[in-house]
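Take a look at these structures.
Here chain A shows up in two complexes: once beside chain B, once beside chain C.
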Partner chain A sequence: MNDLIRTLVEAYGPSGSEDRVRDLIRPMVEPFVDETIVDAMGNLIAIKRASGKATSPLKVMIAAHMDEIGVMVSHITEKGFLRFTNIGGVFPHTLSGGRVRFADGTVGVIGSDALEDMGSIHPLNKYFIDVGATSRENCPVRVGDAAHFDRSFEARGRHLTAKSMDDRIGCAIAIEALRQLPDVTDHDLYFVFSVQEEVGTRGAEVAANRILPDISIALDVTRTGDVPESRPMDVRLGGGPAIKVRDSGMIAHPGLVRLMRRRAEEAGITYQLEVLEHGTTDARSMQLAGPGSAAGCISIPCRYIHTPSETVDVEDVTGCVDLLVAMLSKGIEL
Partner chain B sequence: METFALLKKLTEAPGPTGNESGIAAVVEELWRPFVDQIVADRAGSLAGIKYGSGPDERPRPSILLAAHQDELGLMVSHIIEYDGNGFLRVLGLGGVDRRQLLGQVAVVHGLRPLTGVLGVLPDSYLPAKKRGQSVTWDDLVLDVGLPFDQLRTLVSVGDFVTFRQPLRQLQNGRVTGKALDNRASITAVTICLEQLQGRQHLWDVVAVATSQEEETYLGAYTSAYSRRPDAAIVIDVTHAKGPGANESELNELGGGPVLDIGVNVHPGLYKALRDAAKAIEMTVQTGVHGRASGTDAYAVQVSREGIPTGLVSIPLRYMHTMVETADLVDIERTGRLLAEVIARLDDTFLSGIKEELMRPRNNAKPMKD
Partner chain C sequence: MNDLLKQLTEAVGVSGDENDIRLLIRDLIVDHVDEWSVDTMGNLLATKRGTGQYDLRVFVDAHMDEVGLIITDIDSNGMLKFTTVGGFDDRTLLGKVVQVGPNRVTGVIGARAVHLLKSGEMSKVVRGDAMRIDIGAKSKESAGNQVSIGDRAAFVTEYEELEGGRVAIGKAFDNRAGCAALIELLRGDRYPFDLVAAFTVQEEVGLRGAKVAAAGTRPDVALVLECTPAYDQPKENDVSPNVALGKGVSVYVMDARTIQDPRLVAHLMASADAHDIPYQVRQPGGGGTNTGAIQRAGIGIPAATLAVPGRYAHMPSMMISLDDYENMIRMADVALRNLTPDILRRE
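So, the complex of A and B:
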């Protein structure tokens, strides 16, 4: 599975520019589904229909987002330096010494205005990107161009580190689950590889409005409380898939949480329960769409979220695949 | 049922945002005698539908009455051990005011309900910089009295917690307790449904006790979508005047229902409520919203193609605390006003409110110098 993960996490795809990730995923999932659709916003919707014998199949939407955080150029100085804004939750303290890469391969290094007090952190607008240009005219980048953080994938034993585990690891889990699912299932499964999650769960919103799912499951990362002096959080790396109970954008359907726990217990999957103070996922949009769906999230425990070194545990990842497959290959009654 | 008893039954039922099944069962029991159909949905809302007497041939128009049934609560975020004893760390559900958590009695909805207390070290025992401060989530513990090993078998991270606080009578028709936000409004809707038993109304009435208003307006979004009403009235609570309050913005406790006008409200519904109050000579007050109202009206208004929405608010002191205080008269009047406005709905109502929206407001008198 590491090869699949490496391919996905190293791809370029800041929010709004997910086409390359989509082009990678589409051929991977096509053999396992009945139909694929790319909608107006760029979501990839892969549909695996219930068997003809299924009585009253439910519509189940599974969402993993293709986009990653990044930066967008807002101004180019006369000397050819780029000022930029954030795409999604970019924290200034993660920037110094970093590198970014634009769609055309141009690499930039991140610098900042002089810091008077070494104990403080600049706001985002005091940072700039240096692509080696010396003037506006010879700068290869334009205002509005997006870049992602440039960092290679590393497998370090059980720990896997990359710039975009959030949420290519969710995409990898969805793909692997599609490979493992039986040919015949009881429900209509809509695997959505969504766009623009990092800027407000936007892609999942329109996909859910199209599908009007009965049941929704997001696959996304969640933070852990297992590093030195971290904010308390009862999720740790290596503790197994985290079944979300709530985050700051939604409260999971209690019946769906119960079913996930039961399926995990039946399949012998060690799991954790997640209560997240800040942040949300595509499940929020899916819960609110149309008449509402019973929404939940299988979360992948992840350290250093929204930094170039997002780190997950490979056993947690396979646990998430197992749990998703267990959920989808049996009947769903809430 | 007498209003205090009704409100007591409703406010004391558990129904934290995200798990409204406890309160929904109580609402269902109260509404069932008054409606033709009860529908519970997967978003956690409960709808009671009372058919109108208008002709069956074409779909009868319908009015949505939306009042949220969820209340503030807590959720277990950690189970910790201290000397073999078990303690729970919690986080708020909805806009919990942390300053008032200390000393509360709560119920943890684990494998079985467990009564516990919210405690913290005495102020005099705290390090100097923490004295006199509001308690933080990191310091607060919920103690049910069990050893750690036993606690862990009964309670999970993610279990819901509700507050235990009986409804009590103060002087002068004032009542105090938890969850008057928004069970006061559910009480008013119940009174309305009861009043409609003896009255003719042409439109279908869809009363919905909505879910998760305190977090995402989930129930309002999803109920308005699935019920697709022709018009809606949202019923919620509003801050009442009291010492320290901004006199010019707030309304009187006991001064009658507050009819809201502002960005989430259709002027036609506002006028209909005002006209109905005038017809029965009811004292009402006015609430003005220059911004989003912070109620289900925010979500209902933009559902589907847009739903003409009105907002009635019941004045409340000490909102989002365990001593929310209301006046029974305001609640009863709100119920009667809703029944009156519904009984007055006819075939011309929808075309009439369109005119109300388009009417130029050019009748202002010139100011004297």
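So, the complex of A and C:
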């Protein structure tokens, strides 16, 4: 699975520019589904229909987002440096000395205005990107161009580290689950590889409006509390898939949480329960779309979220695949 | 003198009370559209049928509401308390003349004259909730006979042209400039597709009208015409000018509400390039337009935004370049005339 993960995490896809990620995923999932749709916003919707024998099958939407955080050029100085704004949650203290890459391959180094007080952090507007230009005229990028953080994938034993584990790891889990699912299932499964999650779960909203699911499951990363002096959080790397109970944007359907726990226990999957105080996922949009759906989330524990070194545990990842397959291949009665 | 801009900016339509501006616009477009209707929220929706070449429905939005004030109470001495409708810097309110309610009662947002200020008071900002609108009423009863709680108040600003008729001052260019441009598009020849013109309500309080207008009409693609804040006064550092007056039409790429559809952005720019129409990319980052509501209506609608740069947005007097305004009309028109279903095809 590491090759799949490497391929996905190293691809270029800041929010709004997910085409390349979609072009990678589409041929991977097409053999396992009946139909694929790309909607107006760019969501890839892969539909695996219930067997003919199923009467009034449930519509189950599974969402993993393709987009990643990044930056967008907002101004080019006379000397050719780029000022920029964030695409999604970019934290200034993670930036200095980092690298970004534009769609055309141009690499930039992130620098900042002089820091007078080493105890403080600059706001985002005091950082700049150096692409090696010497003037506005010879600068190879334009205002409005997007870039992602540039960092390669590393497998370090059980730990996998890369940029955009959030949420290519969710995409990888969805793809792997599609490979493992039996040919025939009792539910209509809508695997959605969504766009623009990082800027406000926008893609999943319109996809859910189209599908109007009965059951919704997001696959996304969640933070852990297992690093030194961390804010308390009872999720750790290596503790297994995290079944979300609530986050700041959604309270998971209690029946769906119970069912996820039961399926995990039946299959002997070690799991954790997750309460996330800050942040949300596509499940929020899916829960509220149309007449509403029973929504939940299988979360992948992840350290250093929204930095170029997001880190997950490979056994947590396979546990998430196992749990998703167990959920989708059996009955869903809440 | 641009009579259309004069008429539209001098008309009143504070969010939630767009009746007057809607009636004016309806009268201006009725001879140029095939049908029109007003939806539940008050959006004016008009269809100009196409030549039938493409099976497309293209939605062009311009919000007709403007920021203003709403009366919340009448003091015992006849002064009107108010709160703001839409985003304001309270410092811009003092001393301004307003028109209140359906009878357009003239009032002034009062303040103590400079002669009467104590030392130190001049350096303090007066908050909006301490201000009152004075309509000269002698008593609460007299005021109550002229205005009601819930009445809207709009600024009184006469439209004028400067700089040899190339620069205009007026109120509410945000977004009567967009409304005027959309009216000009409706006055032109038919497009190769059906054009749904949406003059929407309640943008300034959260993109509310456009949300239902788009969900109700379910178009295939959308273009929003706006007036975006220009910030081009000289600055100490080499930082972004945002957009500058007279430097061309603003093209949105990303704001706080929307990442514009990249296919449409590319099409808009290519159309402008082909006709030598000047444009500038609006600084990505904050802000938001109706595109944010339209793009995510229903199953999603590819959407993009063009805007006239305007100085002093959400203040009693805004300033725009009529070159930018005319270029926005040209840019929207050529982009629409060249719009084909292929532009939206993904494979």
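Just so we're on the same page, the second predicted complex is superposed on the first by the 334 of 334 C-alpha atoms of A that agree within 3 Å, B and C clash if a C-alpha of one lies under 4 Å from a C-alpha of the other, contacts with A are read in each partner's own complex, and residues count from 1 in each chain.
Note that in this section contacts are C-beta pairs under 8 Å (C-beta built on N, C-alpha and C of every residue); 3 or more make two chains touch, one makes a residue touch a chain.
Only a predicted model underlies this, so the values are computations on that prediction, with no experimental measurement involved.
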Using the superposition on chain A described above, determine whether A:230 touches chain B (first), chain C (second), both, or neither.
neither
Please indicate which partner A:202 is in contact with in the superposed arrangement: first for chain B, second for chain C, both, or neither.
second
Once the shared chain is lined up, is A:2 touching chain B (first), chain C (second), both, or neither of them?
neither
So, A:39: does it touch chain B (first), chain C (second), both, or neither?
second
Name the contact category of A:51: first (chain B only), second (chain C only), both, or neither.
neither
So, does A:138 touch the first partner chain B, the second partner chain C, both, or neither?
neither
I'd like to know which partner A:96 touches here: chain B for first, chain C for second, both or neither.
neither
Chain B and chain C footprints on chain A, overlapping residues:
none
In their shared complex, at which residues does chain A touch chain B?
214, 232-234, 245-246, 249-254, 257, 272-275, 277, 284, 287-288, 290-294, 334
Which chain A residues qualify as touching chain C in the complex?
15-17, 38-43, 72-75, 77-79, 83, 85, 87, 125, 142-144, 196, 199, 202, 205-207, 209-210
Residue numbers of chain C touching chain A in their complex, please.
238-240, 251, 253-254, 259-262, 265, 281, 283-285, 295-296, 298-302, 344, 346
Could you pull out which chain B residues touch chain A in their complex?
17-19, 21, 41-43, 75-79, 89, 91, 93, 138, 156-158, 212, 215-216, 218-219, 221-222, 225-226
